[in-house]
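For reference, chains read A, B, C, D, E, F and G in written order, and residue numbers begin at 1 within each chain.
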Amino acid sequence: MDIELVKFMFILTVMSLYLNFAITLYGVVAKVNLVKKLIALTILQDTVNVFTVLIGYRLWRPGLILQPPALTDMNPTPEIIKDFVERSVDPLPQAFVLTAIVIGLAVTLFLTTIVLHVNYHFKTVNVDEIGGMKRRYIHEEAV
Amino acid sequence: MKFLDELAGTSLHASNLIKAIVLRIMGWSLMIDLESWVLTYLTLLMIPYFIAFLLYLVRILKGPTLSDRVLAVDALGYDLAAFMTMLTILVRSPIIIVCSVVLILWIFSLDIYVAKYLEAKELGG
Amino acid sequence: MMDYVDLVFLMMGITAVISVSFTFLAVKTKDLMHAVIFSSVQSIAYALVYFLLMAPDIVLVYVAVSVGIYPLILILVVKRVGRFEVTA
Amino acid sequence: MASLLEWTLVLVGQALITVGVFCDLVASISMLRFPNFYTRLHAATVGSIGGAFVPIVGVALVAAGSEFLGVYRWFLSGASLVIAFVELLLAGAGSHALARATHRSRAAPVQPVIVDQLEEDRGKGEV
Amino acid sequence: MNDLSVGLTTVLPTVVAFLLPLLTLRFKSRALYASITTATTLAVWLLTLVNFMKVFKGEVLTYAFGGWPPPLGIVYVVDMLNGVLGFLAATLFLLASVYTFWYFGRIESGHEWLSTLTLVLLSGVLGCLYTGDLFNFFVMLEVLSISSYALVAFFRRRKWAIEASMAYSFIGALATMLFFFGVIFIYASFGTVNMADLITKAHAIPELGSNPLERWSGTCPGSWCYGNVFISSALAIAFMLWALNFEAGIFPNNYWMPSAYAESPTPASALFAGIVDKVGTYGVLRLFITVFTAYGSTLMFSVGGFPFRDFVLIVLSTLGLVTGYLGALLMFPQRNVKRLLTYSTISHIGIIFTAFSAFLSHVSPEASAEALAGVMLHMVTHAFGEFLLFVGLGTLSVVVGSTNLARMSGLRGRYPLLIASIILGFLSLLGVIPLAGFFSKYVIFTALINAGLPVHGISIVLISGISALGYFKVIYTLMVSEGSGVTPRETRLYIPTGITVLLAALLIILGVLLTQSSFINPLMEHSRELMSVNGLLKYVDAVNNLSTLLGGA
Amino acid sequence: MKRLFKSLIPTLLSFLIYVIYTGSLRVYDIVTGLVVAAVVGALTSSLIIEDWRKSLDVRRLAHLLKFAVRYFLIDEVRAHMLVIKLGLSPKLGLRPAIVKMPIKTRNDYGITLVSLSITNTPGTVVVDLNKEKGNIYVHWIYATTTVPEESYREVSEVFDEYALRIFE
Amino acid sequence: MLRDIIFVTLLIIIALALSYLTYLGGLGDLPPQDIRLIARSYLNLTYNQGVNWLWAASPEAVTAIVWDYRGLDTLFETVVFYGAILAALTVFRGVSKLPDRIVSVGLSVVVKRTMAIVTLAILTVAASTALHGHLTPGGGFQGGAIASVAPLLLIVVFGKQLFVEKKVSYNKLLTLRNASLGLLSLSTVALLIYGLATNEIGYIFQNQAKALSTLSYPSHMLDVPLGGTLFFLNVFEFLAVTSGFTLVFTLLLSSEEVILKEFEGEEYGY
C-alpha cells in the first residue's frame, strides 16, 4: 500500500468536509428560502456526523484487516478479543453519531412542521418578506 | 503438459478420464489460493464499476428534467448496492452487508415520492 | 499491483470531492425539487463514506433517514410551498 | 483447503459479476447517449437488472464458496439473495411509477417517438 | 457516594412524560394533567432539595448510570454551582405546574401537550445542569431546545407565535449542531468527553497527579495527547461558546428572544426567563471555572503574550456589556408587557456576563470568588423576580385579554395583592435596597470594583438606571393610571396571586437574610472554594473515588 | 379459520425471508423468526392475499417457478443483448414508440406480473395501463411494429399466458 | 448581493482557518495511527467474560455503548425524538380529530401490488435487524427506521384512506408508542426497583452484575448472547420508533384542505 496516497486521500476527505461545512453554513445563514435553509441544515448535520466517524478511523497496516466494531465469535478466547481490539475501528464516535443522527432527524421533523405552518400563515417562505411583515407589526404594536 | 502425459499413460476409458480431470482440478485448487484469487479479481472489477458511477453522475448533473435525474439516481443507487455487496467480500467483513439491504429498500422510495409529486395533487392522496 | 486498501482510500477521497460539488448544487439551485435530488445524491455519497469507514450501524440509520425520510418531508414541503425559489 | 464445489461456486459467481460489470458500464454509457427520458428508462433497466441483480446473485455464490469469510458468510449469502429478490420487484415498479407520472404530467418530452398511442387514447379520454 | 437522588431527577419526569399521553386517551380531565405534573415536579423538587442540602454541607454528589465507572459511563456530578441552580429550577417548575391549575381553564386546547412538554423541559433543564459529561450535555441541550421550540409554537393559530418559533428553531438547531462539533474536537484531541477526565487531562497541576480515570482513557503528557490539545481546546471552546451564548441570548444571538418569550404561553415564558436562559450561562460558567480554569489549563496558552482564556473572557464580558445596554435601552419603548419583560431578561443576562470579566487570570482570587457569588445570587434573584413578573403580568394579560400595557391600567383596586407583589418584583429587579435584587447587584458591583474593572462595575449601575425607566413606566401604569374601561373577565385569582405573593415574600426574606453575615459568609466560602484549586480537586476526586469504587478489582 | 388460511402464505414467505436473511439456524433465530413471521403475516395478509384458495394451490406455484426459470434464462438474456447492442452501436438506431397492447388477464396480480416482467426486460417499459379494458401502453425502444395485436404477440404474449395460468 | 459576498468571504476564512488548525495538529495524525485508549477499553470489555463485573454481554460494541455504557444518552435521544413528535402533535392538534375527506387514488395497480409484497419483506428485515441488534449491526432505532418505510410508502402509494380502512387509528398508534416507551423506561429502572425492594444495590440503567451489585439481567437466551437489557430496549425502541413515525407522517400527510380548516380563526390565550 502507498502511504502517501492514503494520507493525501484522507486529508482530501477532511478538507472536502470542511468545504461542505462552510457551504452549508452559508446556506443556513444567508439563504432566504426556508426550504433551502432546511436542506442546507440537514447536509450540515450530516457533514458533522461524517467528520465524527472519520475521527474514529485508523490507518490500515499491511497484514491488518479492519473490521466494524462487532465481535463475530460468540465464545471468544482472550486471544480473539485481543485480535478484535487490534483490528476494530473506534466504536464511540459511531455511538455518538447514531445519537446525533436521530437528534438531527427529530429537529428536522419539527422544522418541517414549522415551515408548513409558516407557509399556511404567511403564504410565503421567504424570510426577508416575513421579516418585513414583522417589522411592520412590531412598529404598529409599539406605537 | 504433464497433465497430458498422465492422460496418455492411462487407458482412455471414460470413467478414468473423468476421474483424472477431477483429480487434476482438485490439484489446481490446492495450488491456487482461493482467497487471493477472489480478492484480486474483485479488486480489478472495482475500477470499471467506479467509472460507471461517474458516468451516472454526469447524467445527474446534466439533467435536464427532474425525471432524468431521479432515474439516474435510481440506477446509481441500485448499482451502488451491488457494489457494496462486492466490497463486503473485499474487506472481509460479511456483517456489513446490511448496508446494501437498506440502500435497496430506500432508493426505490425516491421514485415513488417524485412520481407522486408529479402525478397527484396531494402527497397523501 | 494495486492494493485494495489504496482503493478504499481512493474511493473515499473521490466520493468526498463529489459530495462537495453536490452540496454546492443543492445550495445553489433555484429549483427546489432538483435541490432535493442533489441533496439525496450527496447523502448517497456520504453513505458510501460511512460504509468505507466501517460503520454499518450508522449506514442503517443514515440511509433510512436521509435517503428515505428527508426527501419525503422536503418534497412534502415543496409540494405545499411551490417548486421554485422566488428571490425578492 | 478449497474443495471443487467451492471453486465452482466462486467461478460461476465471478462470471455473473463480470457480466454485471459489463452491463453496468453499458448502462451508464447508454444513459449518456440515449436522447430522452423514455429511452433512458431502458438503460436504467439494464443497469438495475443486468448491473445489479445479476452481480448480487453472483456475490451470493462467491460468498457461499469463500470459506475464509468465516461463519457469517451464510449471512452475507442469504442477505444477498433477499436483496436480489427485493430488487427485482422494486426496480420494475419504480421505473413504471416514474414513467407513468412523467407521461401524465408531461414532465419530459416524448420526442423522438414513432407513434404515441397513449397520448392518442388519452385525447379520446380512454385512459 | 452514589446518590440516587441525583440520578432520579431526570429519569422520573421522563417516565411520567412517556406515560402521561396514555392517560389522556381515557381521561379528559384538565385537573388530572395538572395534578400529575405537580406531583412529579414536587417529587423532583424534594430530590433536588435533598441534593441542595448535601452540597450546601460541602459534599460533591455523584451518580454513575448503569454502575459504570466514570469515563466509560455517564456520570452526574453535583457541586454547589449546579446544586443551587438545580434546586432553583425545580422550585420554578413546581410553581409553574401549580400555576397551570388556574391557567388550564384559560386555554382552549392542548392541555395534555402543555403538561407533557413541561415535563420534558424539566428533564432537559435538570440534565443540562447536573451532567458531568460533555456529549450528554449536548443531548440534554437538544431535549431542552426541542421542548422550548414546541412551547413557543404552542398557540399555533397565532402567526407571530409560529414566526417566533421559526426564528428560534432554525438558528437553535444550527447552534446545537456547532456545540456537537466542538465536543468532537475535544474527543479527537483528548480522547474523552467526561468533564472530570477532561479536567485532569487539560490541567498541568501536580496535585491532580495520577488518577483512576486514566486506567480507562489514558494519560495526556504535555501538549500532544491524540492531537494538539491547545489548538483543539481553543477550537472547541469557540464552537461551544457560540451555542451556549445562543441559548443564553447574548448580543449577536438575542434577536429571537423577545418574540419567542412574548408569544409562548405564560407558564412557559416564565420558565424560559426564569431558568432556561440560565442554562446557557451555567454552561459558560462550568466551562470557564471548572473545565478550563486559570490554573494552568490548556486554554491558558498565550497569544501575543496574552492568555487565550482571558481574551475569550474579555470578548464575552464585552458582549455582555453590549447586551445589557441594548436590553435596557430597548425596554422602554415596548408596549407589550411580555416583550418588555424579555428585554429586561436580556439586560440582566448581560449583567451576568459582564461579571465574567472578574474571572480573568490576573484578577485576585478573592475578587473572582466574590464575582462568582454575585453571579450565583443574581441568577437566583433574577429568576425569582422575572418568574414573578411573567406570572403576574401574564395573568393580567389573560384577565384583560391583551398583552398591551395600556389595557392593564386601573386594576389596582381589583387585584391589590397581585399588583403589589408585581411592583415588589420590579423593585427587586431594579435593585432597591431591602429586596434581594439589590444585594446580588451590589456583590457583583463590589467584586468588579475590587477586581480593578471600574468601567464594568459602573456599567452595571448605569444599566440598572436605564432600565429603571422601563420599569417605572409599568409601575406607573399599574399604580397611577386610571382605568381604560376594560372590564376584567375574572374576579378571583387565588392561585396566581398566591404564587406571586409567595415569590415577593421570598424576595424580601432573601434580602433580609443577605444582610446577615451568617448567611452570606457560607456562600462566599463556597464560591471561594469553587474558584480555587481545591474545588477543582474536590470535583475530580469525587469522580475518581466513584471510578475506583465501581471499577472493581 | 379463514383468517388463518389467509395468513398462511404470508407467514411462510416472511419466515423464509427471515431465515435466509439471518443466514443461520440457531434456536434463537428459529423462535424469533416464527414469532415475527406470525405477526407480520397477520398484519399484511389482508393487503397481500385476495383469495386464499388460490394462494394455497400448488400447481400455480409450479407454474410460477417454471415461468421464473424461463424468464431469466431466455427473455432477460435476449432483451439485454438487444439493448446492449443498441447502446454500443456507433449510430443509435432507435425506433422508440409507445404502443398499446391488449392483454387477456384482468386479475390485479396477473397485471402486475405482466407489467413487471415487461418492465424488467430492457427495451420495454410499461408506461400506463387501463385495468378495465385490459390495455397496457408500452414504451418500446426498438418497435418492429405499431399494430397493437402484433406487438402484443411480440412482447407480452408469453408473460400473459403464464399470468393467466398462475393467477386466474 | 453585498450580504452574500460578506458571508462567502467569512466562510472561506472559516474553512481556511479550520484547515490550517487541522494541519497544525488539532485532530492528531490524519489518518489516526491507532484508536483512542477509551475505545480500546470499550472493545476489550464489551464481551469479555473474564471481566464479568464490567461487561455488557453483547458482542456488538456499538449497540453496547448505545444502550448500556452510554444508555442515558440514548434514552434522552429517544426523548428528543419523542419531543419532536410531541411538538408536531402539539402544532397539529385538532387535525387528527377531523375526518380527512381526501379521495385516495394512489399510484397504479402495479405499484400497489408490488408494494404489498415488499411491505412484508421490509417488515421482516426490519424485525430481524432489531432482534439481532446485539449480535450484528443494527438495533432498535435502525430496525424502526427500516420498518417505518413500510407505512410511509403505504400512505404514499395507497393514499391515506388505506389506514382508515384498516382501522389504524390515531389512538391505537399513540397507545402503542407510549406503551412501548413506558416499557422501555421500565426496563431501564427495573433492577433499581428490584434492588430497592430487596434491599440490594441496583442502578438506573443497570444491565449485568457490577462490582458492588449482584443483580443482573440474563446474559444468554437459548443459544445466543442476549446482552441483558439490550434485547428488550431494542424491541421496545423498534415498536416506539415505527409507531411514532407512522403517527407523525399520517399527520403531516393530511390533506391541505383539512389543515387549513383547522387554522381558521385567531387563538385566545396568553
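Things to note:
One rule holds in what follows: a residue touches a chain if its C-beta (ideal position, glycine included) is under 8 Å from a C-beta of that chain, and two chains touch if they have at least 3 such contacts.
Predicted model, so just to flag it, every value in this text is computed and none were measured.
Of all chains in the assembly, those touching subunit B and also subunit E are A, G.
Shared contact partners of subunit B and subunit F, listed by label: D, G. When the interfaces B-G and D-F are ranked by C-beta pairs in contact, the top one is D-F. Computed centre separation for the pair subunit A/subunit E is 28 angstrom, with centres defined by C-alpha atoms. Here the CA centre of subunit B is 11 Å from the CA centre of subunit D.
For the pair subunit B and subunit C, the distance between mean C-alpha positions equals 23 Å. Across the assembly, subunit B contributes 42, 66, 70, 91-93, 95-96, 98, 101-102, 105-106, 109, 112-117, 119, 122-123 as residues in contact with two or more other chains. The set of subunit G residues that touch two or more partner chains comprises 18, 27, 29, 32, 36, 38, 42, 62, 70, 73, 77, 80, 83-84, 87, 91-92, 107-108, 110-111, 114, 117, 121, 125, 129, 136-138, 141, 146, 149, 152, 156, 224, 252-253, 256, 263. Contact with two or more other chains is made by residues 27, 29, 41, 43, 70-72, 75-76, 79, 82, 85-86, 89-93, 95-97, 100-101, 104 of subunit D.
All chain pairs that touch, listed by label, are A-B, A-C, A-D, A-E, A-G, B-C, B-D, B-G, C-G, D-F, D-G, E-G, F-G. Subunit F makes touch with subunit G in their complex at residues 10, 13-14, 17-18, 21-22, 26-28, 31-33, 36-37, 39-41, 43-44, 46-48, 108-109, 111-112, 115-116, 126, 128-129, 131. Residues 65-68, 70, 72 of subunit A are the ones that touch subunit B when the two sit in their complex.
Touching subunit D in their complex are the following residues of subunit G: 107-108, 110-111, 114-115, 117-118, 121, 125, 136. If you check the complex, the residues on subunit C that touch subunit G are 56-57, 60-61, 64-65, 68-69, 72-73, 76, 80.
Against subunit G, the residues of subunit B that register as touching in their complex are 95-96, 98, 101-102, 105-106, 109, 112-113, 115-116, 119-120, 122-125.
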